[in-house]
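Each of the next two complexes has chain A plus one other chain: chain B in the first, chain C in the second.
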Partner chain A sequence: MSFIDILRAEFRLEYNDMFRRKSVLLMLILYPYLFTLFTLFIGYAGGSPGVFIEKFGLNPIVYLITSSYILMSILASIDVLLWRPLYDSENGTLIYIISSPVNRLKYYIALPFPRYTELILMGATSILPVYMYYYGLEGVLLSLLMITLITAGCVVMVPFAIFIAGVCHRVGESWRIINIVRPIVMILMGVYYPRFYIPLIGYVIGSLIPSSFIVEIIQRTLLRLESNTYLLLAVAFTLFFLYLPASAWSIKAWEAKKVKEGVKIS
Partner chain B sequence: MSRAIEVEKITKTYRVKSRRGLFKSSVEFVEAVKGISFTANYGSIVCLLGPNGAGKTTTIKILATLLLPDSGSARVAGYDVVEEASKVRENIGLMLTVEKGFYGKLNGRENLEYFAALYGLPRSIALKRIDHLVKLLELDKLGADRKLYEEFSLGMKARLSLARALLKDAPILLLDEPTLGLDPPSARKIRELVRDMAHRENKSILYTTHNMFEAEIVCDRILLINKGVIVAEGSPEELKDKIPKLKVINLVIKASGDPGKPLERFTFRKEIKQEENSVFNVKMYVPKPEEVLGEIVKALVNSGHEVVNVRVEEPSLEDVFIYYSEGSI
Partner chain C sequence: MLRFLRRSYAVFKAYFISDFIRSHGFIYGLISMGLWIIMFTIPVTLFTPGGVSRDEVASRIYVGIMLFYYFSAASWDWAAELRWMIMNGRLEYYITSGAGFAPHYFGILPFTLMWLCIALVFNYALLSIVWAPPAITIVNSYAFAVGFILYTVSLIGYALLLGSSMLSTGSTGYFVEFLSFILPVATGGLFPLKQSPEILKTIALLTPFSYPAELLRYSLLGIEPVVSIEKTILIGGVYGALFLILGVIVFRIQLRKALRNGFPTVSLW
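Then we have the complex of A and B:
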């Protein structure tokens, strides 16, 4: 069973769904801006952008659009894995997936990849114009670097997300658990508030999330802070491989529980 | 060649939790399958026939590796459904729902391509197979290969669902109520194909239904299942022969009151159904109709009812089912 065939099938599913459901396409473009506007609104209520620039040496709009893009990208990749089994269950497709001989780890790894390509496109509509406005031609190169790093951040997140999804789905009414898990992951990843500024305990727990290292690289690059980029990348990819067996176990355990209870027809 | 399906004393009890007030809940245990055993060969259609809640879907789910049995064993294509689930999955084609189970924003062909990838079919083979199935099930004539699934009629959904079950050309097909709610042409098409698959392509098909007519015309062997127990099995003819030699008197009556009253003194089992305002259909199961028919008609006429039609019939499969599920007719 070829990973490429599964990947191709997932791409067709995702892209047909997106282009035949125009609202999804529109939201994909608008979301980073909506997030930024919302955060700026909250920020302006509490202080001026001057304070932010003085403190961090960076325009808040650049910082927030980048943070929103990171958040959208990495959380979207987790979301695919967290919500897809629920969607398939509701859609009546889960029984056919579970009764198929498809290699589960390959299947779940393939699931979020089509979304990544959309997120690259999203980078072109969100951070690219903003960076170009503030940094000119250098902004194009910077946004390409950011898109590459964020894509890497999404990829290293996959086994961890599969692991979390498997654990969540073992619990009844897993969508409630998912709604609690998402914001916790968001905070610990340090997307809006850099994790190198949060208390040590938060930093340690956040270090269990592979993408948090790449988020740190992005933030240090933006804030022009010293960064051991290669080490952080190495740790992120090491965690990717370390979570693979855990993710395989997690899917197996979830499916075993599902089959014990009986996979619902719909 | 070993048997396609071998089921040995499988049981399944569901634990059903029901809420009672805000904090209290109670647990009930429902025995869905109570130690059933049967076998199915290649090249034949075995039907699980029973009412809703009889245990048909539970049995299919166990054989499709979607549910673990509590006890007993089941083998599909020679593989144990618990220990060798992935091997079983390679050898079955499954159709569990008619109205759901595909992606709404994909058309029929794209949906089949998606599942072909999950079934591990190489792309070139999958495309050829899909072309063949689209033609075989006349999905192209209905436009279902290009229409989005969310725009499908129930008949188109059922055909697409059967196409998926046939996609990997598995030797064993598990079809759960494949014609449920379908219009007659679609139902007929599916029945024809199922018979063809079994007898021309030597597939083993386990087919569940609660439709007596369908079981009689589609299946080679019928397992009557009720409340989780197989109460009888055999070919439709064998099953009819097994019940005591009773015949059915079928009367159509234009009644001027309750038609049951004058028939009270006849102790045979009877069923009285109101068809229209004053028209009733009465069925009576009797050993020797020629001895009592005159008396029955006389009793009805004397009570002011008009007997419109009288027929004496052999028992149908429905009568057989009632006999086995209720003990007597």
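Then we have the complex of A and C:
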């Protein structure tokens, strides 16, 4: 089975599910706004948007909608990798996948592709209107740049997510572990609180996550801070390639464990 | 009565053993929720002016978290419980047993409150590490008691309405998640209404949740509500009671309809 065949199957699965369950589509559009409102109003508990503007010269709504869009995009694309082995296990399809001759790395790399197209839709309904409101036509270009960067951020995250999925699913109650790993990754990536403001140790640990460099580029661009864009991009893609063998090993080891102990239906 | 209590105890025991003893879900859930809360609250530093004391901000965040958690408990522990029952095929057994839902929820209630207390202690510790120890003192115990009771009443009304939608349409997990995020924001649960934009203040005051939330904030932080205390208690009490009655009526109608037409089939989150 070629990569294109896997992609076609995944697109069909994802889009059929989405059109069948309109609530998923609706939530995809609403989530960035929801999280923006949530964080903005928590901000009101500690101060005011005026302080934010004074500190950064940027409207907090622009910053927070971008952060929420980053959060949702990266979560949407890594979640499919983190949760799919569990769903397959529960649906009873895991045994077929394990016994199929499909190259496992190819398979897992193909999984998030349909999500990339969804995150373009999400960008068009979240950051595009907000940027246009605040920046006019320039906002269209800026949002296109952001969508491109975030898509790159999601792509470089794939081997890292496969690696994490393989490691997490080797222990019991893995879905609970995944629920702990996800927010840690998001905090370290500096989705809402730029990682260049967190303590050095956090910055160093966060540097192990490929997308954190892309998120840094986005935030520096928005806050009009100096950034070494090409270097940060280069590091992100280097990490992408470095994690590839680790992710292949991780999935292989997890599958070997499953074959040895048998697939549990939980 | 004894049978009712025995049934409630059986429910409590089952949930307690399942979540506290057999699995470590409770601990994992706490850690996960705490981490998400940290992620969403850290940006508050970007909004805080230089001269504001850290523990004062931490206290405001903490009370916001408290109200948010209670809201979440009503959404997930009470309303969404009906969905899990439909999914697991337990609902039909409850109905044919003739016991009704009351013993089940009476059994869940202490479990919810225990979870809430432990979650609040855990978040207190987390906030103390990340931000500053929240300075929580009960300034007015009468306002606290009234605020807590009125908030509980409003939340039961809300859970009944949401539960009705589970019975009639099998509302998805996405819908519940959306509501449990947006309602605490829109009803002034996260921050003092005094500091909110005019439009949000108006929207929040149109809901029954804002009055007890303001009372709780007043009793714990000393922040005066936008409406006088007496009026807040009066409006909150009447509005909360009416909301609860509405919840009961809608729930009964939907339950009757569901008994006639059958329950929706739900399998996905």
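The definition used in the following text is that the second predicted complex is superposed on the first by the 263 of 266 C-alpha atoms of A that agree within 3 Å, B and C clash if a C-alpha of one lies under 4 Å from a C-alpha of the other, contacts with A are read in each partner's own complex, and residues count from 1 in each chain.
FYI, a contact is a pair of C-beta atoms (placed from the backbone, for glycine too) under 8 Å apart; a residue touches a chain by one contact, two chains touch by 3 or more.
Because the structure is predicted, anything quoted here is derived from the model rather than measured.
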Task: Three-chain arrangement built on chain A, chain B and chain C clash or fit - done: fit
Open item on the list: Just checking: does A:93 make contact with chain B only, chain C only, both, or neither of them? Give me first, second, both or neither.
Closed with: first
Open item on the list: Applying the document's definition of touch, where does A:139 land relative to chain B and chain C: first, second, both, or neither?
Closed with: neither
Open item on the list: A:13 in the overlay: touching chain B, chain C, both, or neither? Say first, second, both or neither.
Closed with: first
Open item on the list: Quick check for you: in the superposed arrangement, does A:5 touch first (chain B), second (chain C), both or neither?
Closed with: first
Open item on the list: One more residue to check, A:21. First (chain B), second (chain C), both or neither?
Closed with: both
Task: Which superposed partner A:114 touches (first chain B, second chain C, both, neither) - done: neither
TODO: With both structures superposed, pick whichever of chain B and chain C touches the larger number of chain A residues.
DONE: C
- [ ] Tell me which partner A:260 touches in the superposition: chain B (first), chain C (second), both or neither.
- [x] first
Task: After fitting on chain A: smallest Cα gap, chain B-chain C, Å - done: 5
Task: chain B/chain C common contact set on chain A - done: 21
Task: chain A - residues contacting chain B, complex - done: 1-2, 5-6, 8-9, 12-13, 16-17, 20-21, 91-93, 95-102, 107, 259-260, 262-263, 265-266
Open item on the list: For a test of understanding, state which residues of chain A touch chain C in their complex under the given definition.
Closed with: 21, 23-24, 26-27, 30, 34-35, 37-39, 41-49, 51-52, 55-56, 60, 64, 67, 173, 176-177, 179-180, 182-184, 186-187, 191-193
TODO: Would you mind writing out the residues of chain B in touch with chain A in their complex?
DONE: 14, 57-58, 61, 64-68, 85-86, 89-90, 92, 94, 96-97, 99-106, 110, 113-115, 117-120, 122-123, 148, 164
Task: Complex interface listing, chain C residues touching chain A - done: 23-25, 28-29, 31-32, 35-36, 38-49, 52, 57, 60-61, 64, 172, 174-175, 177-178, 181-182, 185, 190-192, 195-196, 200, 268
